[in-house]
């Protein structure tokens, strides 16, 4: 179950296919979610306005939205890179958890001794390396032992969770503390939050978990884009992903490409920890990934496995998460489960059913244009 | 909205049938009596804790009650930004001038139900099902074991933990399996401290004709007739009192203060013989009087007794 | 004593295996027809809710089962509408269904029963009880049949409810359906080469919808088992990842019924084993950390997978929506 | 172009078996068929020829209900019909043998035949019925297949027969064959034609798409020529000739038949490649290659003839390093490889030794279908410095890739020229040109070519052959594997015949005649392949 086809249609120009259509789908999805809100006796319009107000309307709200976005960008990329290598990585959850271990252990060990300028880069590396390791093992098992990546990554999610609990409860937890979390990191191990940086420049900004990791995430996007479509390694990776035999013919070793794909994917997932652990919590906690690994699957596929798409999809999910919180604040009786339901519906209609209205658009576009005739002739002569 | 109190439930959600739900009952009672409204929020990931507390504070809510130790560090952060606002936290201690901390001596209550189990067990084997292997649960476990062993030194205690992911608190099926495995080893009374997982444990006990002990809330009604008792942790009372009269500082509620107790109601009255009741009351008195010292796991991260 | 232990372990293995097995078979049928099903978790969850809700409301086991199957099939239909009819992404659709199920079950539960998403417990007479209910207690079985026979055969094998035996019977059923019947042949073919099936004059969508209906049926049974047999009420997210484990078991079983059964039994057994190993003490080392034991089933799975099970070949057309273009 | 008697052939009393009127079909930008009219007399073989992408397959797909025409009407035996899907086509007695086989590899031949037309609910019963019917059918038509063998394990020739059986089993009165001989050997082709004639006797109407005009002349009663989605002409076979057809297809004169004399063969020319004792066996000890030894010298084209499935494919795989043999030594570009000791040649090292390889299966091996053509155009050479840029050459040099691709398209007349189009969108013929251009591009000293012109139209064939000869004359050693005897004869200076994984004969082109080669290849070839198939089944 690898690169499942994304719903692009050669018949439509990009601006419709990648611009108008998704927006339309989103509208439809919101409409359906609205019906559910209506069904439970709330006003959809109000809910929607609260959702948007709360997630984009205020600086703090925006901060939270972008903070969620950051995490989803990482997990989304982690899925996308694997898919381009022909692999389905459900292991983001575990890889991120493991990345957390990396950050946690390093921060606790060196936090006291190193300045931020030195420590933070190290933490980023640690997160990436730990996540990478946790993905490389399944990758290796897939390539050399033929163990199916989907099984192993699922199993490794559980394994990472177990290890995390064990270390936290028995080793990292400060004596006498009830909470299952490590001691607080030293300041030098904290990824600076945006409002703190702003404060340095005398700009007053409401505090929010948004931190430099967002920059890291965007850099990761650029890198992934460059890697997949510009670099030689990416060329090999995509070749293996979409035509293993052809890749073999071309002198590319599929086995090693599996390692490359999973390694990179794991590293990206691991970076979640930089945002959550170093950026926000300031300590290693039990369940900081909280399902982001799985959400990454939807993010990546809705973003058509392309960095730009992934950023947009992540933003959408960020809005849904933060907006959802606000909605359950503002609308009494609007439980977090309703938020989850609405999110599910939006993924269903804007993601899975994205092609439902495709024919409509093709027709519409068909009327409005009679171009590409030239190409037609060419091909027909082909 | 200003001046309204606010309650922030943790991951389990306000209907977890035990801890959060107990807190929920507390506010509801206050609401009924005073007719005043209150604000509430259910956490669904780590980051929301700070967010929720801060959000409530900004709206001028006061007092703001955080349910569960997991919110301690979040509260620590926010409380200092809102010195005028009254905060409270259940199950953990936050040292700040504007925070009231309420903690319970779960070990005492657990000791008591442990003793009851030992006194009731025919096989001399009883068991414990925990949600996740974390300090709080070990605290329950440790108290329970003490109670059993102190009452019947020859008694055996089997312990199982449910899982390592957050679903460990919500997996009745697995809870049932754990209980059944313990029954197969001869246990005839099981004490569950595992949130939603518990309901599976109680069901299994009922199906197997064994007895179960509830936790946090009075859960006797869940399986009338096969619930020996419940180790009640009066979070509702605590919350209610905070709402009634908030006062900074730490309040530690044990058997003495009525913070923890064992549940006795129409659902389990048949199971608690007068003889048993007197014995239990005696032990309770001894603990209250300090004649019996119940070791607290948290004291030294080990179950020493 | 230890025969009791073995017996209870056998019993536990079968109990734990059953929902996995039903789910895995459901996934197997769908995926053999070329449709990925990540949504097993969600379908099972919603079915479990439907079963509990309907059974407690109507005081009828039948209603419970019917509701569970109906709901699961409905979700399969949505999946089909998105992925078969409109060629949407099968994985996204599955993920979405899981999210909706996780949320909506609780929302409805609170709305209908006001018990925080739990359903009121269903009465004993409505629940599916064992063939020989008494024997669900080892002691009773032993008393009736003597130690070993009683513990292992009586308690271990004969103390279960109908769904358990049905699940195991269905393995044979699914195998026979796939390998020995006309629709089965077509289903296998459509998962490998839909264009061929189409050219042979058989409708690809109709076949895949049919597969999805069977898939719904089985998911429904799996969910119903959780709330009508293993437990007596629904509680939020009670499937706790079993859908994904079932998915793993199906792949482990290489999309074939019998190997899938083996994989499910393995998971069930390892689980039962791990439960009983908690608190075990290794001489010298001391007590094994409970987390390690809890991780054991997953660890062993990985090792077995790497050690003995070779390449698993998925159906060729799996995950590829079918259009009539090359 | 000759437009006389465009459309239908003069009708006699009986209504035509098939009557297509003004069929149009477009795929997005592409007008695949433009107002095509065609009528086929019952009980005749009607040829359909045209360049790659001319619209032949599409037209037939429409007749078979696989695609829906945008406009136009269809009449079967004079009765106007709407063919909504293949089911209907089948009910109307139309059978189709697709260009890309419509078979399920993981099922047995028997299952494949009855799929969709199972006579009973339970397969055992169904199989019993079908088996007996098929045995009768096989006896009657001479189409022989191993009913219980898995399709994935059978040689293409047999699959071809299986496809026809499938159609006949469904009671096809009108049989459409899309490039049936593209993958067959002369023997198999002759057999096929025998069968088709016999079917015609039985009154079956046959529509035959092919790129081989000889076949048209040999078999057809009438022939229609298509170009760019339109019908150019329809003539009865007696009024036309290969040259006439070729001209109509391509729109210019095409040189057909035996080429100019082969290169003077000199034994002194430097040795480019030598293998000895090459042997390879499949999983279940089925021998694929047995003790193969051959040499390639500069400036010669060596043709490998043989019934497909007799080891040619494997030979290419081994020589190109895609597959390591159990035993054998290889000398290439001054490097020695021994399967027994040390690693075998790998595709990468092969290219370092300036060995280029045009694979048999261009769809799965030669290109990455999901890549744009300009990315496919460097496949295998992605590591060449000229395609790299940036520090350490970590990045691909897209400008360079695109310009090179454009140059290839220009030199090899790949259509369309636009290299940004997806590789899959090019017709096989043009795909083949692109791959060839890529492999020849780096001036190799050894070139391995598998089925250079399979499914390629005559215009392109002529061109590709010219290119191969030019390369030889430039001093490259070329090994051509082809199941087309014509092609072998047209290209080779020396011919090797393979049979059952062995080299059963080596002839100089001078001593080659079609019959002689045919005999060498055919000798017990069938038994061989059957044996292999049975072993595997």
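We call the chains A, B, C and D, going by the order they appear; numbering starts again at 1 in every chain.
Note that a residue touches a chain if its C-beta (ideal position, glycine included) is under 8 Å from a C-beta of that chain, and two chains touch if they have at least 3 such contacts.
Chain identities (UniProt): A, C = Sugar ABC transporter permease; D = Heme ABC transporter ATP-binding protein.
Here the structure is a predicted model, which means the values were calculated and not measured.
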{"item": "Chain whose Cα centroid lies at the greatest distance from that of subunit C", "value": "D"}
{"item": "Separation of subunit C from subunit D, taking each centre as the mean of its C-alpha atoms, in whole Å", "value": "47"}
{"item": "Centre-to-centre distance between subunit C and subunit A (centres being mean Cα positions), rounded to whole Å", "value": "29"}
{"item": "Inter-centroid spacing, subunit C versus subunit B (mean Cα positions, whole Å)", "value": "33"}
{"item": "Distance between the centres, which are taken as Cα means, of subunit D and subunit B, whole angstrom", "value": "75"}
{"item": "Subunit D residues counted as touching two or more neighbouring chains", "value": "none"}
{"item": "For subunit B, residues contacting two or more additional chains", "value": "13, 133, 164-165"}
{"item": "Interface hub residues of subunit C, defined as touching at least two other chains", "value": "110, 117, 236, 291, 294-295"}
{"item": "Chain-to-chain touches, reported pairwise for every pair that qualifies", "value": "A-B, A-C, A-D, B-C, C-D"}
{"item": "Contact set on subunit D toward subunit C in their complex", "value": "27, 64, 66-67, 85-90, 96, 98, 100, 102-107, 111-112, 115-118, 120-124, 126, 166, 424"}
{"item": "Residues of subunit C touching subunit B in the complex", "value": "4-5, 7-9, 11-12, 15-16, 19, 110, 115-118, 121, 136-138, 226, 230-233, 235-238, 240-241, 271-272, 275-276, 278-279, 290-291, 294-295"}
{"item": "Parts of subunit A lying in touch with subunit D, wherever the complex brings them together", "value": "10-11, 226, 230-233, 235-236, 238-239, 242-243, 245-252, 372-373, 375-382"}
{"item": "Complex interface listing, subunit B residues touching subunit A", "value": "13, 41-42, 44-48, 50-52, 54-55, 69-70, 72-73, 91-92, 132-136, 164-166, 298-299, 301"}
{"item": "Subunit A residues within the subunit C interface of the complex", "value": "1-2, 4-7, 40, 88, 90, 141, 145-148, 150-152, 154-156, 158-159, 162-163, 165-166, 170, 294, 297-298, 301-302, 335, 337-345, 347-348, 351-356, 358"}
